[in-house]
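Note that the chains are named A, B, C and D in the order they appear, and that numbering of residues resets to 1 at the start of each chain.
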Amino acid sequence: MLESILMIKDPSARITYRRNWGDYYLIRITSPEIAQKALPGQFIMARVSDRSVPLLRRPFSIHSREGDSLEIFFQSSGIGTTLLAGKKEGEDLDILGPLGNGFDIKNGIGKKRATAVGGGRGIAPIYFLAQELLAMGSDVTVFYGGKTARDLPLKERFEAKNLRLMCSTEDGSLGFRGFVTGLFESKMDQLNPEIVFACGPDLMMEEIAGITKKNGIPAQLSLESIMGCGFGACWGCVKKIRMSGAEEWTKICQEGPVFPADRIIWE
Amino acid sequence: MTDLSVDLGFIKLKNPVIAASGTFGYGLEFAPFMDLKKLGGFVVKGLYFSPREGNPPPRIAETPSGMINAIGLQGVGVKNFADEILPELKKYDTSVFINVCGEDEEEYARVVDFLNGLEGIAAYELNISCPNVKKEGKCPAQDPEATYSVVKRVKEISRCPVITKLSPNVTDIVEIAQSAEEAGSDAISLVNTFLAMAIDIETQKTKIANVFGGLSGPAIKPLAVRMVFQAASVVNIPVLGMGGIATGGDAVEFMLAGASAVQVGTANFIDPDATIQIIREIETYCKNQNIDRVEEIIGKVQI
Amino acid sequence: MTDLSVDLGFIKLKNPVIAASGTFGYGLEFAPFMDLKKLGGFVVKGLYFSPREGNPPPRIAETPSGMINAIGLQGVGVKNFADEILPELKKYDTSVFINVCGEDEEEYARVVDFLNGLEGIAAYELNISCPNVKKEGKCPAQDPEATYSVVKRVKEISRCPVITKLSPNVTDIVEIAQSAEEAGSDAISLVNTFLAMAIDIETQKTKIANVFGGLSGPAIKPLAVRMVFQAASVVNIPVLGMGGIATGGDAVEFMLAGASAVQVGTANFIDPDATIQIIREIETYCKNQNIDRVEEIIGKVQI
Amino acid sequence: MLESILMIKDPSARITYRRNWGDYYLIRITSPEIAQKALPGQFIMARVSDRSVPLLRRPFSIHSREGDSLEIFFQSSGIGTTLLAGKKEGEDLDILGPLGNGFDIKNGIGKKRATAVGGGRGIAPIYFLAQELLAMGSDVTVFYGGKTARDLPLKERFEAKNLRLMCSTEDGSLGFRGFVTGLFESKMDQLNPEIVFACGPDLMMEEIAGITKKNGIPAQLSLESIMGCGFGACWGCVKKIRMSGAEEWTKICQEGPVFPADRIIWE
């Protein structure tokens, strides 16, 4: 409830920078109030069109924050992301944010030996998270996985930071050959993380949950779901989560998108 | 200054814009984005007697100018609502309507009976028209007798005015509207969502886990306007019109068709302050058209 | 090579794509833009016995992802059609369906009786579902008995297969579909347009002179898919699905829902060669999904 | 029927030039087949969006033709024209054309002392017509009317041609003060035209019909109507026209948009 009071609608967040690598896009937006309040793992809902096709806003993790600006990093796949990819510098974007509860790094949690895993576009919030962890003086390892080398466009961005980066590709064109979960599991003993953060498709999240559970390490996972509103009004985005005892269809947008791995019920 | 207030007989609203049930949470979700007391009112999410789990996801799918939902009326039940939410809502100084649901007539009566006498309820809106609960999408609002019977039952015990919310999934909206009126309903609201389905051609699965869901949004506006016009032409109780309203112009269209007030649904998801913008746009319309009281436009379409 | 042909029992089509009645003129209008013989078939504009004047304009209004029309079945009548148009159509080597209209049962029978025996007619499509002719939008397809009666009457005299075209403006599409089947219909097609209305808020007049019109286009697709699914689940005759089809993916969605073939309506106005593109896209879909015969996908939605 | 066989769909007509005066826009499009066949008074149907909002194509008169290119001239008013106005040079436009039957200037009709009247954006086809008339050696007078001077952006374009231009504005900010029909009527005796062509809103067309009838001069009027298809398939665009004797709801897009004034039934 506290977080949600901070939600803001900024109908004219200015796009100040835009670049792309293939169908991956990075957009920087000036939106002082939202940027200043943003926490890693939170997201925005962007209005990609002023027509009724597509009708709904689209959710994007906050990829980084600098002063009055925030960045999003996304892959253009469907109609909404394609329209967003077509926006130009100087155009305004109508956004809601910061939304949801991000990664919990307060109370010393972030100060530990931390590992963060991002699969594909799921890397988006990991960058913001890693920066905040580093600022806390934490020892950070980032796993970054994708299909091919072309799906790891942020490699250099991460390399420029004072952290350990481990890459994987399914075709072996860069780093470890295989899934990022495989690489992550194989490095478990060596890294011995005290806390794991991850973001990616459901199947990957389920595997991370399994691996961390087996190793007795707490994990926080950022989930995706189709969202009608992004701010708790539609009850459309639910997943089954163990809440104060009972298993409930729980609103990802409001109670999440980040949940402790052991509270997520996999179907 | 245009007078935006509308008098429904049993209640006078500040303005004709009400947030629709199921699209405005319990109201509180919208407090960060807007001043709730500027609303004509809002209808809370549908309430069954007991808490309900709702449907499994996916619950939402986008369609051209519309969305399908099958939330399945997940909700807290009357007790939690009365204890924890209703007291909060009093702060906001606007008309709060309760969307009453039931598996059968008995449950509608139990919900109303439980809430009867609590403070801060402007009226009940009987949701006899939700298509998402049962797979076949059947509901009392598809049958004039069932409509009559449940409305009558609730009216007998209710201490608040009763609005009956109709389904658009019918051959003849007029006979259902008349049944509700005959049974003593103080007003009718329409339309609820249209029974719909969408298939993901890649997975060959339905996009909604519940198979069917309800279509809402701009796509349904021309169908909803038609039904509001037909219903308003025959009943003598106020009609609350809705279905795809996204702008002040849309709201005016429903009022010209015969609605005394409007409800805004899906638009709240896209713009949490949609209702506020719509109120402003209605005011601008009235000014441009030299209309002193918004009530003047109700039913004024020339045919 | 995917086999795109579909066998409706009474006729085998080259592919499942048929241009829908009233949106493809008498076929000839499209000859400049495409090769008509590539079509699975086309349905000509609705024919009454005598020529009809149609409704006064405006006859068309745009709505979000849809359009309302109230053409009022302006047309040449059976005699002119048989003398001047039908002979022309033979050149195009594709299946020609006749959309049969009537003010009453008698007129349906007279139209069929007149056309009976003429060469070049693949089947009749009984349009018992046009909402634009009478102001209230009432039609036989809104009542199971009326449906049964008119289909039965026509089947008794018809020398061609009969497809019954259903209205979506009903509470229960299943009972209507079953009535048509029981009366001997060889197939059903659905949906016709949804009764709709739109108001110009500046002039406060209806955007359609006829007040009501029929909504078509992408907006109605999720409602049409649902009805096709429901109808196809209960009848044992082929279902021709339509409503908002604009792409091959849309056509596949209807087939997965249970349609043996599809009809393309409004999309023809936007792209005169829409049908051809849709055929190509269905083929691509089948290739990508390793489907050898398009018939394999009929009704294959997983629920 | 003959004309309609010439209709073509050009899904990639290239926009090569675009300029505007306030909310009036001129767009030049390269579309060889359509341009070469175009006759004055014919129109195109442009797809202004690849989404279903707005759903239908929009009709625009052919404003001029040069080699492989044609121009349209329009006022941005609603959603479709606003989207079209936003198109940039180098973008492709999906058009159908040439559509309908234009002004009949064959068989010596165009060789006469001709007057053409355009009101507002109704001036669009008059420019093409005037050029063709001049090419035939005709003596051409053009009446161009609008609300204010700002509504007559094509004044200079016409002045550069070898014709008589007479302007009117409702507020008197340029030329005659009043409606263009008033100016036209007042010049009737002086000009003594043998044929009158006109394009504009219905009310203006009805007045022109009245004036020319009173003076016994044949007139050809280009009508507007909401169009579902533009090529004769939807029967949506009808107006009442006297066809071979009987009054009928007649398709403007196919039998028109230009009709002899004496065949139009005014409601």
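Here is the rule we use: contacts are C-beta pairs under 8 Å (C-beta built on N, C-alpha and C of every residue); 3 or more make two chains touch, one makes a residue touch a chain.
Here the structure is a predicted model, which is why all the values come from computation and not from measurement.
Enquirer: Give the chains in contact with both chain A and chain C, ordered by label.
Expert: B, D
Enquirer: Higher C-beta contact count, B-D or C-D?
Expert: C-D
Enquirer: Let me have the rounded angstrom distance from the C-alpha centre of chain A over to the C-alpha centre of chain D, please.
Expert: 55
Enquirer: Just how far, in Å, is the C-alpha centre of chain D from the one of chain B?
Expert: For chain B versus chain D, the centre distance works out to 47 Å.
Enquirer: Please compute the C-alpha centroid of chain B, do the same for chain C, then give the distance between them in whole Å.
Expert: Using C-alpha averages as centres, the distance is 34 Å.
Enquirer: From the C-alpha centre of chain C to that of chain D, how far is it in Å?
Expert: Those two chain centres are 36 Å apart.
Enquirer: Any chance you could list the residues of chain B touching two or more other chains?
Expert: If we look for residues of chain B contacting two or more partner chains, we find 64-66, 217-219.
Enquirer: Check each residue of chain D and list the ones that touch at least two other chains.
Expert: Within chain D, residues 52-53 contact more than one other chain.
Enquirer: If you connect every pair of chains that touch, what shape comes out? Choose line, ring, star, complete or other.
Expert: Here the contact pattern is complete, since every chain touches every other one.
Enquirer: Taking the touch rule as given, give the residues of chain C at its contact with chain B in the complex, in rising order.
Expert: 63-66, 68, 142-143, 169-172, 194-199, 201, 203-206, 211-212, 215, 217-223, 225-226, 229, 244, 249, 252-253, 256-257, 285, 297, 300-303
Enquirer: Which chain C residues qualify as touching chain D in the complex?
Expert: Chain C residues touching chain D: 22-25, 29-33, 45, 53-54, 56-62, 64-67, 69, 71, 74, 217-219, 246, 266, 268-273.
Enquirer: Where on chain D does chain C make contact in their complex?
Expert: Chain D residues touching chain C: 4-9, 47, 52-57, 96, 225-229, 231-239, 248-249, 267.
Enquirer: Please output the residues of chain A touching chain C within their complex, sorted ascending.
Expert: Those residues of chain A that touch chain C are 52-53.
Enquirer: Which of the residues in chain C come into contact with chain A in the complex?
Expert: 64-65
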